[in-house]
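For reference, chains read A, B and C in written order, and residue numbers begin at 1 within each chain.
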């Protein structure tokens, strides 16, 4: 069976419009306080957006997808529900979302090449790959009070002893849903839908006020 | 029956209130009645009352497993209105409304029916189109109703946030001035007292454990106080209707869900009407005692536990505070649940069954209290004559096989 | 308030992440066109609605987004088991009624065991068998 899916490079160099992160509007409207700016004390919680990453949803059987992914990317699917595999550089990750669904996140400029190679590797296998990069964004939360900000926001148990490194879940966050994960000791990641990004951002600013929450410098000027 | 009156009150006061009669007797079950009503809530008691009063059938027993009016009658938010969309339901609820208007005089019992009006808010253009459609349908059916804009709503309820900065701004509302609230316990007690005075036996702590059926004809009921015979049995047991239907050997198109309500600490009078919102999903009124009476949607799962989940309470109060920021610091006193029997088309079942002589009046879902007098009135007529009253006829259980549903989901103030 | 074990996520999650979706194990008629009105109406609208043991579908809406089944007591709200779609319950009303009966017979004194007013009817063994037959 031939691979007749037309793969579209959403980040083609000839694009004439400038891409804007889902939070661009929020930075203008709600501001970007520097960490500790409001309180004058050291900040215990820092927000950092990692915009323009490549988000791919993989659906299908675990075995065939696992083999293809190992071949193409060098990391396999996580073996357990609600878990996360990250590559050695910490740049690429794949997360369990459901028994037949995984989220693959890679640097933005790798997305098209990866999808093309994955499809070639999978051949006519019964799978679906969807590039959802434009539909969501990744917000990092760091600092020693990061989990306390999360405790105010989600019903899920985010105690660092219960929510160990390598865990990732889809759960409620305030009045919306997020994918919440912990790639390493110091970082929490929230993957939010584009249309709810502003809401989550403003919620985080509000919930983190007592911890002197602010926005990390590097995320301010990142652009495509 | 000792009649209640202002003069009587003075007379009793002079005698230090020492010779008030009991409101109703506590009779021993007879072996045989003409009609047995299963369920001693508002609807069952009203049925018994109208059987005796309108049809001269006084050899009637009301069989109640707990105490009178202890189920959904005591657990609802007491709203009475008749602004339903479809002709069939509008006829039924308006029939009830007309009876409400003379009820206190009829049963010589102050049911504290207060026609303070009910607002059904619209928060979107589609809400407003639906409201216009419903109010037009109501007026064609002779039911009062008006469409208000946001200013009109604000002038009726000054404490409500009708500004454009609300998350779901109020765009307008339907307004039924004749609608209102009534004192729920008094409705049960008033009907009970009036039925008892006409000779009806009210059998409390009497639980039906089975039906006696021979050759497809009902013969009576088995209870924990012995067997009682009757050729006509009407079941008016709300959330427990499916349980009784199973005893008689059939299923109903019902699911029983918890429906929660809550009341706040008493406040000085701040809200003199009833405000309902489908969109943010909450409704509120202030009782004569001063507490805010608040309700919302059902819990989605089946439950007979007379309690629901906290997230439902939280969402309800969010809706209320959204509409009434002034209530954000009010403390809630009590919270409880009733078991509502919901139908797929959000309309009741008033019907004959496969068993001859066995009738069911159920499926009222979240909207039973407001229909109490009308439901009892048409059900009594159906039981007395052996054929369904014209207003009750469209609510036959057959509609779930014929497809002639009465889809009130869009019309009920808070549908389920 | 429910704390529900999702058989796909393999952990307990908060009730707010889930949506109840009604009675489980209702087999769609194999040939809808061959149904008469009564059979089709029964399939669409008529439900067991038991007071006691109930098998129902839930959706892990904010989570893995899979449907699964719960066996639950509709009076005490106790969750007896959760199991994946396509599986059959190991706990049924009949099963519990048998256990209760055995326990009662083992009692040497003749003291009555309170029934707790609970109806022990859910999807009956016979109904479950017929569903299995339809799926086979």
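Convention: a contact is a pair of C-beta atoms (placed from the backbone, for glycine too) under 8 Å apart; a residue touches a chain by one contact, two chains touch by 3 or more.
This one's a predicted model, so the numbers in the text were calculated from it and none came from an experiment.
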Pair joined by more contacting C-beta pairs (B-C or A-C): B-C
Of all other chains, the one whose Cα centre sits farthest from chain C: A
Distance between the centres, which are taken as Cα means, of chain B and chain A, whole angstrom: 50
Between chain B and chain C, centroid-to-centroid distance (C-alpha), Å: 30
Centre-to-centre distance between chain C and chain A (centres being mean Cα positions), rounded to whole Å: 38
Sequence positions of chain C contacting 2 or more other chains: 16
Chain C residues touching chain B - in the complex, by the definition given at the top: 1-2, 15-16, 19-20, 22-23, 37-38, 40-42, 44-51, 54, 56, 58, 72, 74-77, 119, 121
Contact set on chain B toward chain C in their complex: 240, 242-243, 246, 251-256, 300-305, 307, 309-311, 344, 400-403
Contacting residues of chain C [partner chain A, same complex]: 8-11, 13-14, 16-17, 62-66
Touching residues (chain side chain A, partner chain C) in the complex: 80-82, 97-99, 101, 155-156, 169-172, 177
